[in-house]
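These are the structures in question, set out in turn.
Each of the two complexes below includes subunit A, the first together with subunit B, the second together with subunit C.
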Partner chain A sequence: MENNLDFKNAKERIEHIEDVLSSVAAGDLDKRLQTDIEDDLTGIEEAINILIEDLTYELKQSKKMKEELEDKLNKIQEQQKTIVQQQEDLLELSSPVTKVWDNVLILPVIGTLDSQRTQIMMENLLQKIVETGCTIAILDITGVPTVDTQVANHLLKTVTAARLLGADCIISGISPAIAQTIVHLGIDLSSIKTKATLQDAMLFAMKKNNQLFEGKIHLEHKEQEEDDK
Partner chain B sequence: MQEIISDKNWNKLGIYPIVDEHDIVKVRSIVRQHAKDFRMGIVEQTRITTAISELLRNMYNYANGGDVVIESGDIEEHNALIITCIDKGPGIENVELAMSDGYTSGMGMGYGLPGAKRLVDKFEIYSEPQKGTTVRIMKWK
Partner chain C sequence: MNLDIHDKKIPIIKIRDFLIVSIQVDMHDKLAVQLQSQILHEIERTGAKGVLIDISVLEMVDSFIGRMLSGMASMAAIMDAAVVIVGMQPAVAITLVELGLEMPGVDTALDMEKGMEMLEKKLREKES
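What follows is the complex of A and B.
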């Protein structure tokens, strides 16, 4: 049954509709229109209520989506960080020991030497010394930006361990600034053979190698001569 | 030994927590950058970076980490780069001993603290057993 629209009543109700709509516009989605009287305005009121209901639902959905997106973004950023970290670690961990020529190993050290990495570097080098039987190893630290007492200590230990396995180490690539800093720190590296550049170290190794081989050849000759007798 | 306080007029350039070894590497390169911005030469850059490396490693090794504050400001008529390492670790029982060449309570070389002091223009240390240690190094511009 439909009531006729009473003008005074209608004015009040339209004002109420305006109120509710401006609340909605201001972001308050809790307000609804009362529809206890049934007349020509009721349909509009109901429609507005449904609209607010839909709007609330949509807003909730988009808020949820936004949160999910933010979550995903955070995760991606987290992963990105891990990847960068891993790349750094990989770079730092790759301390390839290569045999450059007979009897000489070269280990270019790049990046920062933390304890874990130094451990791996040292193990790699010692392993390679055993495998190849090389008696000269060049540790090039041109790519190491900071030599503090911990790094120096690791270098000393590496050199000592290599010596125990029968290999002499040469450390190259100590820049003038780092050399001065080491002196001020008070560390004594005089027990280690050092060369300014990798090139110097290689020349030195080559000479030493020649001496060694000449010695060896001499010995072999002698042994042969002795065999001939 | 005097407690180490900050001057209100100093300019805070940054504060960084030291939790793991990556933080050491990170803060070390930040310090190097500040030294560069200060127009220090390569030798001075290397000195301050190595000094801070010693302090950061100590903080990491002996005090389970801490905070680093980087500032710039005027000290004794010099414009200085001021770096303060603050930890809440076990503190140092005998600071004089810790500051002497070759003393280590662990497996180190014992040259970190005295070496860092020689590498900078001004060095301050304050430590209270059970409470923590603060070390400040300063380098003139």
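What follows is the complex of A and C.
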């Protein structure tokens, strides 16, 4: 009768197993069962020990994975921040309004136009018109590949708003593709001064400038004549 | 007697052939209507050939004021006086355009000086 279970002993050992299991459940993974006595319970004890080992290993693995994922998430969030920042920078940079001549402002537009961009463009242009007191603004859209109804509408709005401030807006560099789309869409641009190239627009602006200037000279002459009388 | 803000009038100054109106308070509808008839009466009284309306301090223009301004331009035009609106703020221009109030037929200028030049040029063209 070898390895016969002594009931009293067995009860103690089962209690011990229970103890170990409950402390493992509570999170203490260092506890192991002693397996030095060989009897019917040894198999169970060893199995439980292997189970605890496996559990420890799995927990470690998942902890590691969680850390890795968190790292990656942080990286992605940082990248997202950079992208947003760059988008904002791009929007700011993409609508430079410059004064090129007395009384003449120029706004070269490059790239695709969307509502947000045209909105910023419009605000920048109007702000600059008021700041510099220029009465002629050239909107050069040579670098714009396509135009849709909304964008054409925004361009119209920009020109109208500039007119309300008291500045004339000239649109230059309308490509064949854009001309086609605009006519196909049935948008009426006839109320807006359009020129083929930026050069033409500049020439037109200078001529207009000269007219303004001559008008002033004419006025001064007249006043002088009146004074002479 | 408590003088209500509604009783205040906007001054209209006559210089040579022009009337100068500088709006320096927030416009409300009643004041706008009052200003409209006030300006038209002044045109009749003084025989002015041009009206300069300075709205550079107006931070907000609603559709009513916008309509009133463009209406006044056409009314003055048939009384043989040109109206130039000067000094509109960018935000106001954007609002008006968004409201669809593009004020066709109303002349605008960036500031008083340019507006004055514009009126003088118009007068010269009319005379010649």
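Odds and ends about this structure:
Keep in mind that, in the parts below, the second predicted complex is superposed on the first by the 133 of 229 C-alpha atoms of A that agree within 3 Å, B and C clash if a C-alpha of one lies under 4 Å from a C-alpha of the other, contacts with A are read in each partner's own complex, and residues count from 1 in each chain.
By our rule, contacts are C-beta pairs under 8 Å (C-beta built on N, C-alpha and C of every residue); 3 or more make two chains touch, one makes a residue touch a chain.
These numbers come from a predicted model, not from an experiment.
Applying the stated contact rule after C-alpha superposition, one finds that A:Gln85 touches subunit B and leaves subunit C untouched. Applying the stated contact rule after C-alpha superposition, one finds that A:Thr112 touches subunit B and leaves subunit C untouched.
Legend: residue contacts after superposition of the two complexes on their common chain; A:Gly43 is shown touching neither subunit B nor subunit C. Once the two complexes are laid over each other on the shared chain, residue contacts for A:Leu165 go to subunit C alone; subunit B is not touched. Judged by the touch definition given at the top, the superposed model places A:Thr181 against subunit B, while subunit C stays out of reach.
By the touch criterion stated above, A:Asn153 is placed in contact with subunit B alone, subunit C being left untouched. Contact with neither subunit B nor subunit C is seen for A:Gly143 once the two complexes are overlaid on the shared chain. Look at A:Ile129: by the touch rule set out above, it reaches subunit C but stays clear of subunit B.
The contact sets of subunit A with subunit B and with subunit C never meet.
Of all residues in subunit A, only 85, 112, 114-116, 145-150, 152-153, 175-178, 180-181, 184-187 touch subunit B in the complex they form. The part of subunit A that touches subunit C in the complex is made up of residues 122-123, 126-127, 129-130, 133, 135, 157, 160-167, 212, 215-216, 218-219.
The part of subunit C that touches subunit A in the complex is made up of residues 85-86, 88-90, 92-94, 96-98, 102-103, 108-111, 114-115, 117, 120-121, 124. For subunit B in complex with subunit A, the residues that touch the partner chain are 21-22, 24-25, 28-29, 32, 42-43, 45-47, 49-50, 53-54, 57, 101, 108-109, 111-112, 114-115, 118-119.
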